[in-house]
Structure formats: structure tokens, C-alpha cells
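Below, subunit A partners subunit B and then partners subunit C, in two separate complexes.
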Partner chain A sequence: MMTTLKLVHLVLAFVAAPLLLGIINRTKALFAGRRGQPLLQAYYDIWKLLRKGAVYSRSTSWLFAAGPWIGFAAVVAAATLVPFGGARAPIAFPGDFLVLIYLLGLSRFLLVLSALDTGSSFEGMGASREVTFSALSEPALLIALAAVAKYTGCMSLSDMVVATVPHLWLCAGPIVVLVGLALLIVFLSENCRIPVDDPNTHLELTMIHEVMVLDHSGPDFGIILYSAALKMWLLGQVLVGLVVPAHTGVLWVDTLAVLLSMALLAVLVGIIESSMARVRLLHVPQLLVGATTLSILAVVLVLR
Partner chain B sequence: MPVSNAISFYNGQAIDTKQVPVLDVGTFRSSVIDAAASGMRIAALFAAPLGNSRLRLFAVLADDSAGTLGVLSADVGERYPSVAVDCTQAHWFEREIAEQWSIVPEGHPWLKPVRFHPPYRGGRRQDEPITPSVMDFFKVAGEQVHEVAVGPVHAGIIEPGHFRFQCHGEQVLNLEISLGYQHRGVERASVGGPNKRTVHYVQTLAGDTTVGHTTAYCQLIESFSGRNVTPRAQVLRAIALELERLANHTGDLGALAGDVGYLPTSSFCGRIRGDFLNMTALICGNRFGRGLIVPGGVGFDVTDRHCESLAERIAQGLKDVTVAANLLWSTPSVLSRFEDTGRVPIQTCRELGLVGVPARASGVEMDCRFNFPTGMYRFAQVPVSTWNTGDVFGRAYVRWLEIQRSVAFIRDQLASMPDGPITTQAKPLSPNRFSVSLVEGWRGEICHVALTGPDGGLMHHKIVDPSFHNWMGLAMALRDQQISDFPLCNKSFNLSYCGHDL
Partner chain C sequence: MSLFLCGLAVLFIGGLASLLSGRRPALSSFLGAGGAVVGSLLAILPALAVLAGGRTESLRANWSVPLGSFLVQIDPLSAVFLLPILGLSALAAIYGAEYLWPYRQEKNLGVPWFFYNLLVVGMALVVAARNGLLFLVAWEVMSLASFFLVTFEYERQMVRQAGNIYLVAMHIGTAFLIVFFVLLGAHAGSLDFDTIPAVPSSLAGALFLLAVVGFGTKAGFMPLHVWLPHAHPAAPSHVSAVMSGVMIKTGIYGLVRTVTLIGPPEAWWCWVLIAIGVVSGILGVLFALAQHDLKRLLAYHSVENIGIITMGLGLGLLGVHIHSPTLAVLGFAGGLFHVINHAIFKGLLFLGAGAVLHGSGTGHLDLLGGLVKRMPWTAAAFLVGSIAICGIPPLNGFVSEFLIYLGAFKNGIVGGLDAAIPAVIVIGSLALIGGLALACFTKAFGTVFLGHPRSIHGQQAHEVGWAMKAAMAVLAASCVLGGALSPLVVRSAQTVVGEITSLPADAVETELATASSTLTHFVVVALLLATIAVLCLLARRRLLSGRSVRQAVTWDCGYAAPDCRMQYTATSFAQPLTDLFGFLLHTHKEVHPPKGVFPPDSALETETADVCEKYLYQPAFEAIRWSLGWFRWLQHGRLQVYVLYIALTLWILLIWKLM
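Right, the complex of A and B next:
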């Protein structure tokens, strides 16, 4: 029963991930006074790309073609480590959150390598930015999780969310708030959302993530889009799992609460994107260091 | 202060070509340099053929404080000492002259073609490089220095242009802009005219400046024929020019917001721009004002009902754009992107001879509607809107100030619309005349210069779009900036490719 449930949760993540993009885009459209694209547009795009042929530049090697798929595999592996709200992940062991972070890191590393493989100056710039910013968001994420681990005494992400969340709010509200804010900034940065990156821009020189994948096409690009959506879902799950106390014990209520929280997170991202401009590239590190500071503050509160 | 050796005249006034002083090249050169040093601007610098394969250099100098224009000329051979060495403003003009007529301005610091077309005179073999054939881009060498090439095909739906950045990491050390992809030969097409096509060519010189360019051209033709424009036609021309300004400035504010990822203003302004374009369509049936301005007046009249509707719509337009613009000025994240980005000091503006919004944003008090008024602007003045920072914010804010003043101007004009006909009897063009027509288009000073031949036909037509002056300003604005801020700086200038390439 438990195994089936875990698998259902996993499948739910795989199926529902691109929906987040739809919700974000519809929220933004609402603010702009437009009707917006269909909720399922991301699915249509990915499906369309997967059926297309790919174009490869003569200056690229096998790495260029392999990058997106190895990256995808890494994200899928990461998905097995992420708990669904208050439910345990299919695979859980002490220190699994480190594996999770570095599996996502591996996926990015492969994407950066295949971007550099093209030899294009745009992709080189994008890769350099991506690596710089992820190096800064990594400590924020790690320290935030470390704070929760220390407070709960659990070394597994699943244990952290299962064992503790309901009373975490009651006993350690400030810690949850700090961790939640830090994770939200990391969520925005890692998923290339405003204020760090603008997913809608067509201007190569200002892009971060988008410019790295300019040369990918067809199924390769489709799988990059899907991996990105899945990664957004996973980081969202970590955030929601730690912050939303959905632990009634009634299965459908919990599941619904988690899905609703994910939708609300997407709406929140849409609201943030509609109400502020992107920060100057030079100031992005300040934002990420700010997130790290919040995490450190949470650790200080735990250790106090 | 009139320049020594130059004849002084007014915007839109034709003078006898014989009155234009012909100097020797050395005196010509020093007179232009002295005039620029004393604060005058080069409105146009070009070479024109004088029948028997001789070339004559003409310099049109604009004195903003006196409101007068000066012109001087010199006959040149195959080479002459470059003016640009001592007068930066002449730099781009001399490259153009060298490319068009294969003459060499000796000592020119960076002699490259600006449009990459074969010269107008002398044959050229297919395999021969286009003169002057320097094709190198300015290069920076060193560790961690890298080169980024953008365009001519861009990711957005915009015109083609090539940008070559020399960067150190994210920092831009130098930007070189290479244009010419849109060259169509508009100036040459006017020669021998004007014919039925000429006005249509002028209307599409720069599609977003139809009214500006057509007004400048019509003023030019009217000055040659001594044709008067009725008060009603003058008012309609001015309203159309201001509507064009409103539509484009509003669009620019929206595009600037879009570039920093600020959705509300971006979305609102996109729609409001359409509203302003539709107001032009209300007058003449075309959103860009094609067919509205014709030599001798305007092609379409308005009824009282039109005027009422226009007044209503313009009030609503101002209300909407006020909300959208104020969102920009009150959002800290937007201001932090705009402020201190792409700064052009006032000194650089003067040296490069920048015009229009970028010059005013740096504090240069210059506006053809004010300094060289023609038509309705002689009677109803529009104050010059300036700002003092010279950054993206300044260029955005000057646009907002101009939007408000344009609306006020249009309202005043609608309230006191003169009666009468909209066009006058056509007259033939006088032979052997020289005339300059300046109009403040929404981008800045539009300059049309022409000479008529012995038969009264156009012998030479020189068009200077504000973009011709300002592209170099964009290159300077990018110095020591972040390469990721280029699109924002570019949008804050919003220059025309086809207006430059002609």
C-alpha cells in the first residue's frame, strides 16, 4: 500500500510538473489584462518538440546531444528523493538531501557542458552566469536544510517533513519563516524566474538559462523544457513540504492540500513576476547572498 | 553667433545656390571646426556632384541659440584633409562621403563604410572590395577579453544591424555598430524628381517616422516652389507629428518596461500606443499617417465631429498613459535598473552632436520645434523637455515629459482649429536653389537638404535621420557597462536602422 502510494506520488510529479508553468503564465496574463496562453501550453510545447527532428551544429560533439538526456536522468533520479508534502519519498536515507542537491547540480553541470560545447559566445556567457548564480544559491539551500536537520534531528528529507512539520510552526515559527523565505529565493533563482532571470525575454544578451539552450532543438530541447519543469516541481515540493503543515492523516485531504499549495506557489511566482522588474545582473549575487544570510540566521536560531 | 565664411538663413528658406560660399578646402575645414567648437552642430555634411563630375562638399551648421542655419561649401578632388580629426561630429558623415563618392578624408581615424554599397561614381569590379575597404572591427586583446557578435539577424522582430562587443567578463570595453543592411537608395531615387513616387519613398524612409520625414520633405519642396501652407493644414500637420510622438514615446516606455521584465507598464503601453496610432487613423485612415502630409498641405480634412472625438480620445489616452508611466517611476526595482545605466555625459553629447531625446536627457536644450520653428510651431511653442542624468532613466523620463506636452499642444490646437482650405495650388520648383528643412521628429532632428538643378528638378537630396547622429551615442553609452544592459540601453535610444541606412 505504502509503495503504491509513493509510486502514485512520483507519477503525479511527473505528470503535473509542466502545469506549474501554465499557472504562472495565466497569473501573469491576468495581471496584464490578457487572457493568456492555455493552461496546458507547456505540455503542448514539449509534445511538439519531442516529435520534431533535431539540428546539430558541426562544431558540437556527442556531449552536446548527450547533455540534455543525462541531465534529464539526473532530475528523474532526484525526483525519487523528494517527499510529496507530508508523505515519505520512494527512496529515503540519511543525507539524501545532499544527494538531491547534487543530482540537480549534476543536471546543471551537463547542461553547462553542452552549452560550452557549442563554442558560441552567447552560450558561454549564459553558462558563466548560470554557474556563478547557482554557486551562490547552493549554500542558501544547503544551510536552510541544515537548519531544519539540526532542529529536527533528522538527516533525511522525508524524515524532516514527516516527523516535524505540524509542530515546527508552533515551536519554531521564526525558523520556518526564515527557511521558507530562503527557499523561495532559491526557488526563483534556480528556476530562472524574475527577479533573477526573465523566462520570457528574447534578448540573448540578458538571458541566463535560456541562452544556454539556444542551440538545442527538437527532442533535446523538449526534454530540457521538461527537466526544467520537473526541477521546478521538485524544489517547490521541498519548499511546500517544509512550510505547509498538511498532515491530517487523511490521504486525500493531504494530497489535495499539497497540490493546492503547489498551485498557490505558482500563483505567488506569477504575482512576483507581475509586480517587479528583474534586478540588474550585477545585483543578483546580493539577492542570493541575502538568501544565504536568512538561512544562516535560521541556523543561529536553532543553535541558540 | 554666425560662422565666419558661411551664409546664414532660416529653416525652410530656399537660397540661391550661387549664394552658398565656395571656399578652398582648408578654409572650409577650419570654418567647420571653429563653428563646432563655438557650440554649433553639424546638421548635415555631404558631397554633391555638380554636373561635370566635380564634387562639392556642403556643410549645414545649426546654431541652436540663434535659430539660424549656416551653409558653406568647398570643391574637392580625390582626397582632402579630414574634418573629423578635430571635430568628432563629422566622423560618421565623412565615412558616408568616402563611401558614396570614393574620396578619401585624409587622417580620418576609422574610415570604414557605413552602408556597404558600391560608390555612386566610377566603376567597380565585382571582386573589388567596397571602398573604403577597412572591414576590421575594433579589437581588444588580453586575457579574459572576449568578443561577442550580435546580429544582423536578431531574436526579436526588429530590423537588422550588427553589434560587435569587446568584453572583459560581463563588462563592455567597446561596442562597434555596423549597419547598412537596410540600404535601399532613397536619396538617389529622388534625383531628377520630385515625381509621383518621391513622396511615397519619403513616407517609408523610416516607417515609424512617416509624418516627421514627410513633413520635412514637404517643407523642402514648398520652400523651392514658394508654396504657402494654409493655417488649417499647418495645424493638422502639427497634430499628426505630435500624435506620432505620442504613439512612439508610449511604445518606448512600454518596451523599456518589457526589457527589465516589468509587465504592467509593458502591457498597458502596448495597448495605449495602439490607441494613439488609431487617432492618426481617425484623421487620415492610416495608423502611421501615410498619405496625410502632401506637398502644399494635407491630404485629409477633419470635421468638427472628428475633432471632438479626437479630444475625447486624447484625454483618455493621457489618463491611461499617466497610470502606466507613474507605475514605472514608483517601482523601486524598475528605477534601480534605469538609473545610472548607459550614462552619456553632456560633454560627449555635444562632441558627438547627438540630437533628440538622448541629447535632451543629458541636459542639452535642443528641440527643432523650439529652436528652428516652422509651421504651427512658430505660433504655438512647445517647451523643451530636458533632464540632467543622461542615463536610461533620463531618456525614459524625457519621453514622459514630452508625452504630457504633446497632449497639451494637441488639445490647444483642437480647441482653436482654424477654418479654410487644406491645400494650395501647386507651383513649379525654382531652379538653382539650395534649401534645408528641419523637423523635430519623435526621435530628434530630421534634416532634409536639397539642391535644385537648372530645370527645377532635384539635383541632390540629402536626408539625415536623427539615428544617423545617435548610433554613435549608443556605442558610447555602452562603454564600461554590463553587456546584459545593452538591450535596455538600445531600447532607451530606440534608433532607426532603415532611417540610417536610407
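Right, the complex of A and C next:
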């Protein structure tokens, strides 16, 4: 029963991940007074790309073609470590969040190398920004998790999420808020959303993630889009799991609560994107160092 | 034990025979490399036996030197260090045989082989010696042999300068070690390690600081690291691999041995080690990021990894101090496992860098590019090494960092404030180091192997031969195995961790069993990753079969004639980070911006000199030189006056004696 449930949750992540993009875009359209693209547009895009042929740059090597697929495998492997609401992840062990973070690191490593493989200055630029910002967001993420580990007394992500009970908000509310804010900034930065990166920009010079994948086409590009959606879902699950205490013990209520929280997170991202501009690239590090400071503050409060 | 000494003898005789047959390069290489391989393999067997649970072996022989005795012993701690030392040396010797071959016309190949084998003997004796004097002699043999290897291409001014810096740094370090052993000997009445009584805490503190400076100079602790970025690029690449992979670890060995000798650690020792680890780790990777030369970049990464190892040791000591077996075991197991892992992947990366030098003729990042097509084997090996050194799963580099992280997290949870603060500092630093290392190695791999060749060096590069490929392949496979077999490896650390921490055997066993079962889960995830990756690649092939797959130029905003010089360079790739940390790096920039409507050539040059060297050592050495300048009037080249000095000295001594 438990195993089936875990597998169902895993499949749910794979199926629902691109929906987040749809909700974000719909929210933005609502704010802008547009009708907006269909909710399922990301699915159509991925499906269309997977059915196409491909064009490769002459300067690329095997790494360019293999990188997105191995990177996708890393994200899928990471998905097995992420708990769904109050249910434990299919694989859970002490320190599993480290494996999760570093698996996403492997995916990033390969994507950056694929970008550099094209020899394009634009893609080099994007790759350079990606590694810069991710290097700064990693301490924020891990120190925030250290705070969570301290106040829940748990070493595995699944246990931490299970330990996030409503009572926690009463006795450690400020810490949960700080951790939540730090994780939200990391979530926005890792998924290349405003205020760090603008996924809708049309100028190569200002892009980060989108510019790294300029030369990818066909199925390779499709799998990159899907990996990005899945990664957003996973990091969103971590954020939601550590902030929203969704355990009533009734299975369908919990599941619905988690799905609703994820949708609300997407709406929140949409609101952020509609209400503020991308910060200047030079100021992004300040934002990320700010997130690290929030994490450190959370640790200080826990240790107090 | 006799097998171990036999192996060392084979190494030495091989080197000597190579030196004597230096006129015939083929024979000389064969004897030198063959002696190194056979000798190392012979000597590694007793170390393996000890690690497999065999008993500690020792041998004592008389040595007619005051306070000296030829006391050698292989206990688990020695064996843990002997394993990478001898293993990597054997592989690097196979590689070196091919690497040195092009020099056969202009150089006597017997000389480098003699010193190479002597270096291996020296390193092996350092970790096996159990007498202070024998230790110092072995230490000096190791330092001098490596000095002659660093200055192999002594015709180049840069290499001579590197050799001088290395020699001076090593002897300043050794000076501290001499004081260390004199103090220890004066306290114990003997220099044999097994007869040292309990050390009072004031003396122990002084000894610890002496050891940190003396051994830290060899290991490359910031700010004692200045010799590394000079010596590693100057030495032949297989020697750099051995020096960076294992020789600097003898410093770590010395420190761990010291801690076991001088008894229970105090709180400030742990703080010192953790602080050194954090500073070396973060500054090491930042300086690496700012480098333009592949081997210099790798040298700074050695500083970074020594920092990670030291953080592990610091946490382990803290665990011993606050009686937390979990932290003690995970810290030391992680630190020591990282010693072995770093030997593997840093050895691999230096051999890869050597292959790039060998194949293309330059190690300057901004002159290379696109080598993945011309040197596919080297590229694959370097990629494996890069993933491992960034601490990314599923390779070995991740596992040891994971253990240190795990120790820090567990300790942060259960420990009080005195344990939680260092734990959080270590967690934050490791996270930052991991991110920066990823930036650094995507830069290194990307500019050297990907894109278009940036100069003629890249265009004319050729793949290396089978000997060099074989050595790299074995190390790359070891990176994979180190990750896949990590649960077993961690379990086998029981004796050595027990020896260092002096915890009860069953406590150590329980902790390691827990760590091992955690790692089993990691291996499951890694296997899952490998399976999915294979499936994904098969799916890609199936998706693309029968569809149109075309070739075109890289997209450059519609510009149809992209040029290799339009690529991002290593400097530009690292620029956001080097600017962000500019307050630490003090990068010197020389900008000639384009001017006018039809601008002539414009240029940008950056150079990141070592801050410690520039602001600490150069002023210090200048001051010494200046103060010694006062004595110049004593020396003016007249022989008669010198004779007078001698006569005067003799007179003074005579009068003193008579009084």
C-alpha cells in the first residue's frame, strides 16, 4: 500500500510538473489583462519538440547531445528523494537532501558544459551567470536546511517534512518564516524566475537559463524544458513540505492540500513576476547573500 | 614488513640503475618506471594486509646515530596513506615513461627517474617511520628529491624561480619540525614514537602549533601554500600528480600522527583546524577560479581540497573533545576518505593536464579549446575527474564530502552550542566551496575541451599514447569505484578511525555501520541514476532515428560567420565571480578599450597574483634582505681580509676556551 502510494506520488510529480508553468503564465496574464496562453501550453510545447528532428551546431560534440538527457536522469533520480506532503519519499535516508541538491548540481554541470560546447559567446555568458548565482544560492539552501534539521531533529528530508506539524508554527513560527523566505529566494533563483532571470525576455544578452539552451533543438530541447519543469516542481515540493503542515492523516485531504499549496506557490510566483522587475545582474548576488543571511538568522534563532 | 622494505629496495635500485644507464633512454625509462611499478606493488601488499584486518607490523634495527633508531611500522594509519602514495606513484610512473620520452634527446632521463623513485621511497618512509630522526631524514629525502624533479626543466627561468621558492618554503617548514622533534625528544628522552609519555597541556599546545606550521607548509594550508602554485606547474606532469595527489598529504599524515602522539585534543585545536580548513577551502577555490594556467588552477584546487580534509579532521577532533563518537568517526572517516579520493581525482586531473600539455604544447586556458574532438580519451578522463572534484554524485568526491557534511549536520542537531556553531560554519563553507568548484571546473573543462580551438595549439593537438591513456583510465575507473563501493570502503576504516580517536572498537563499528548503510542508500540512488541515464540515451536515439538531423553553425543572433575568437574565454567566464570576490583576490587589470570610430587593437589583461605572496612574504623577505644589507661591509671581495676574519675568529675561540 505504502509503496504504491509513493509511486503514485512520484507519477503525480512527473505528470503535474509542467502545469506549474501554466499557472504562473495564467496569473501573469491575469495581471496584465491578457487572456494568456492555454494552461497546458508547456505540455503542448514539450510534446511538439519531442516529435521533431534536430539541428546541431558543427562545433558541438557528443556532450552537447548527451548532456540534457543525463541531466534529466539526474533530476529524475532526485525526484525519488523528495517527499510528497506528509508521505515519505520512495527513498529516504539521513542526508538525502544533500544527494538531492548535488544531483541537481550534476544536472546543472552538464547543462553548462552543453552550453559551452557550442562555442557561442551568448551561451558562455548564460553559463557563466548560472554558475555564479548557483554558487551563491547553495549556502543559503544548505544553511536553511541546517536550521530545519536542528529544530526538527531530523536528518532526512522525509522526516523533516513529517515533523512539520501545525504545532511547529506555534513554537517556532519566526524560524519557519525565515527558512521559508530563504527557500523562496533560492526557489526563484534556481528556477530562473524574476527577480533573478526573466524567462520571457527576448534579448540574448539579458538571459541566463534560456540563453544556455539557444542551440538545443527537437527532443533535446524538449527534455530540457521538461527537466526544468520537474526541477521546479521538486524544489517547490521541498519548500511547501517544510512550510505547510499538511498532515491530517486523511490521505486525499493531504494530497489535495499539497496540490493546492503547489498551485498557490505558482500563483505567488506569478504575482511576484507581475509586480516587480528583474533586478540588475550585478545586484542578484546581494539578493542571494540576503537569502543566506536569512538562513543564518534562522540558525541563530534555533540555537538561541 | 620485509616485503615493504624489499619494495623500497626495488624502487631505489630501479632508480639507481636508471641513473647509471642514462645514456640509453629506452633502457633508462624501462628500469626507472619498471622499478617504480614493481617496487610500489610489492610495498603496497603489507599495507593492504594491515587494512584488511591484519596486525600491525614493525621492525627495529640499530642505527649508529645519536637518538636515532631505524624503527619502522605499518599500522592502519600508515597503511591508509601508503595505499594512495604507492598506488598513484605506480600509475604515474607508467604515464611518466611516455611523458618524458620526448625529452630524450636533450636530457638524461636517468636523472628524473632516479629522483622520482627516491621521492616515492621518501614518502613511503615518512609514513612508516616511528623515530623522529628517521622521520626527518625521510622528510628531507622527499623534499630534496621533489626539488630536483620540480627543476627538471631548469633552463627556464620560471622553473628555477619555482624551485627556489619550493626549496625555501620546505626548509622553513622543516625548521619548525626540527624544533617540534627537539621539544618532543627533550620531554620524552627518546625520539622513538612508541616511548612518548603523556604530554602536559602547555607543551602539547606548543607542539600542536609547531606541527600545524611545519606540516601545514607541506600540506599547503593558507597562508603557507605559496609554493604550490609555483612548483606544481613547473614540475613534469606525472610528478605534479604525485606531488599534489599524495606528497602534500604527508603533511596531513604528520598532523594526524601528531594528534595521536600528544594526546587528548583541546577545544582551540579544533577551532584552529576548522578555521584553517575554511580559509584554505574558500580562498583556494577562489584563486583557482582566477587562474589562466591549467596546472596552476589545479594547484590552487589542491589548497581547496586540503582545506576540506582539514575541516573533516577539525570536526573529528571536536568530536573527540566533546565525546561525540558520531562526529569523531564521521569527521575522521570523511577526512581520511577524502585524502584517498583527492589522490585519485587530483592525480587524474594532473595527468589529464599533462596530456593536454603533451598533445597541444600549452596549458594556457585561453589558447585552447575544442580538444574533445582531437583528444577524446583525455577529455573523457578529465570530465570524470572534474565531476569527482566538484563533489557531484555519483563519483567518489561526493562520498567523502557527504560524510563530512553528515557529521556536521548530525552534530548540529544533537550537540550543544559549542558543537553546533562550527558545524554550521563547515556546512556553509562546504556549500560555497562546492558551488565555486563547479564554476571553476566547468570553466576549465569548457575552455580546454569544448567549443572551437582558440589558437594553433588547439588545432594541432593530438591524442596521447596508450601508456598515458591507461594510467588515466585506471584512475577514472577508481573514481567510479570509489563512489560505487563506498559502503565497503567506509566499513574498512574501522581500525584506523579507532586508532586515531581511541574510542572503543564497538562504538566505532556502530557509527561506521550506520554511515555505511546510509551510503548503501546513496549507491542505490546512483545505480538508479545510471540506469535512467542509459534508458534516456536509448530513448533519444530511438526518437531521432528516421528523423531529419542536420548540422548548422552556432546561433549568434543571425551572424553567419562566427569566429573562434568570439567565444567566451576562461577569463570572461569567471569574471562575475572574480569581480564579486575582488576584495579578496586583488586582480590586476590592464584595460586598453577600443577608441575612436575605427578603433585599433584593444586589449584586456588580468593577472591574479597570490595575495599572501604579494602582501605577506614579499615584504617580509624584502625586510630580511634590507636588514641583512647592513652586513655588506663585511664582504668586499679582498681575500686578505677574509683570512683575517678566520684568524680573528680562531683567536677569539682560543681565548674563550682558555678563560
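Quick note on the criterion: the second predicted complex is superposed on the first by the 302 of 304 C-alpha atoms of A that agree within 3 Å, B and C clash if a C-alpha of one lies under 4 Å from a C-alpha of the other, contacts with A are read in each partner's own complex, and residues count from 1 in each chain.
Everything below uses one rule, namely that a residue touches a chain if its C-beta (ideal position, glycine included) is under 8 Å from a C-beta of that chain, and two chains touch if they have at least 3 such contacts.
Just so you know, these numbers come straight off a predicted model, no measurement behind them.
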Just subunit B (first), just subunit C (second), both, or neither: which does A:R34 touch?
first
Just checking: does A:T206 make contact with subunit B only, subunit C only, both, or neither of them? Give me first, second, both or neither.
first
Is it subunit B or subunit C that touches the larger share of residues in subunit A?
C
Should A:Y102 be classified as contacting the first partner (subunit B), the second (subunit C), both, or neither?
second
Which partner chains sit in contact with A:G290 here, subunit B, subunit C, both or neither? Use first/second/both/neither.
neither
First (subunit B), second (subunit C), both or neither touched by A:G180:
neither
By the touch definition at the top of the document, which applies to A:S121: first (subunit B), second (subunit C), both, or neither?
both
Once the shared chain is lined up, is A:V131 touching subunit B (first), subunit C (second), both, or neither of them?
second
If we overlay the two complexes on their shared chain A, which of subunit B and subunit C does A:V279 touch? Say first, second, both or neither.
first
Per the contact definition in the header, classify A:M155: touching subunit B only (first), subunit C only (second), both, or neither.
second
Do subunit B and subunit C land on any of the same subunit A residues, and which?
121-122, 124-125, 128, 204, 281
Can you check the complex and tell me which residues of subunit C touch subunit A?
369-370, 372-373, 383, 387, 390-393, 398, 402, 405-406, 408-410, 412-413, 417, 420-421, 423-424, 427-428, 430-432, 434-436, 438-439, 441-443, 445-447, 450-452, 514, 517-518, 521-522, 524-525, 528-529, 532-533, 535-537, 539-540, 543-544, 547-557, 562, 564, 566-568, 572-577, 580
Contact residues on subunit A for subunit B in the complex?
28, 31-34, 121-122, 124-125, 128, 194-195, 198, 200-206, 273-283
Hey, which residues of subunit A end up touching subunit C in the complex?
50, 52-63, 65-66, 69-70, 72-74, 76-77, 80-81, 91, 93-96, 98-99, 102-103, 105-106, 108-109, 112-113, 116-125, 127-129, 131-132, 134-139, 141-143, 146, 149-150, 153-155, 204, 214-215, 218-220, 223, 281, 285, 292, 296, 299, 303
List of subunit B residues in touch with subunit A within their complex
146-150, 155-156, 169-170, 257, 259-264, 266-268, 271, 331, 333-334, 336-337, 341, 482-488
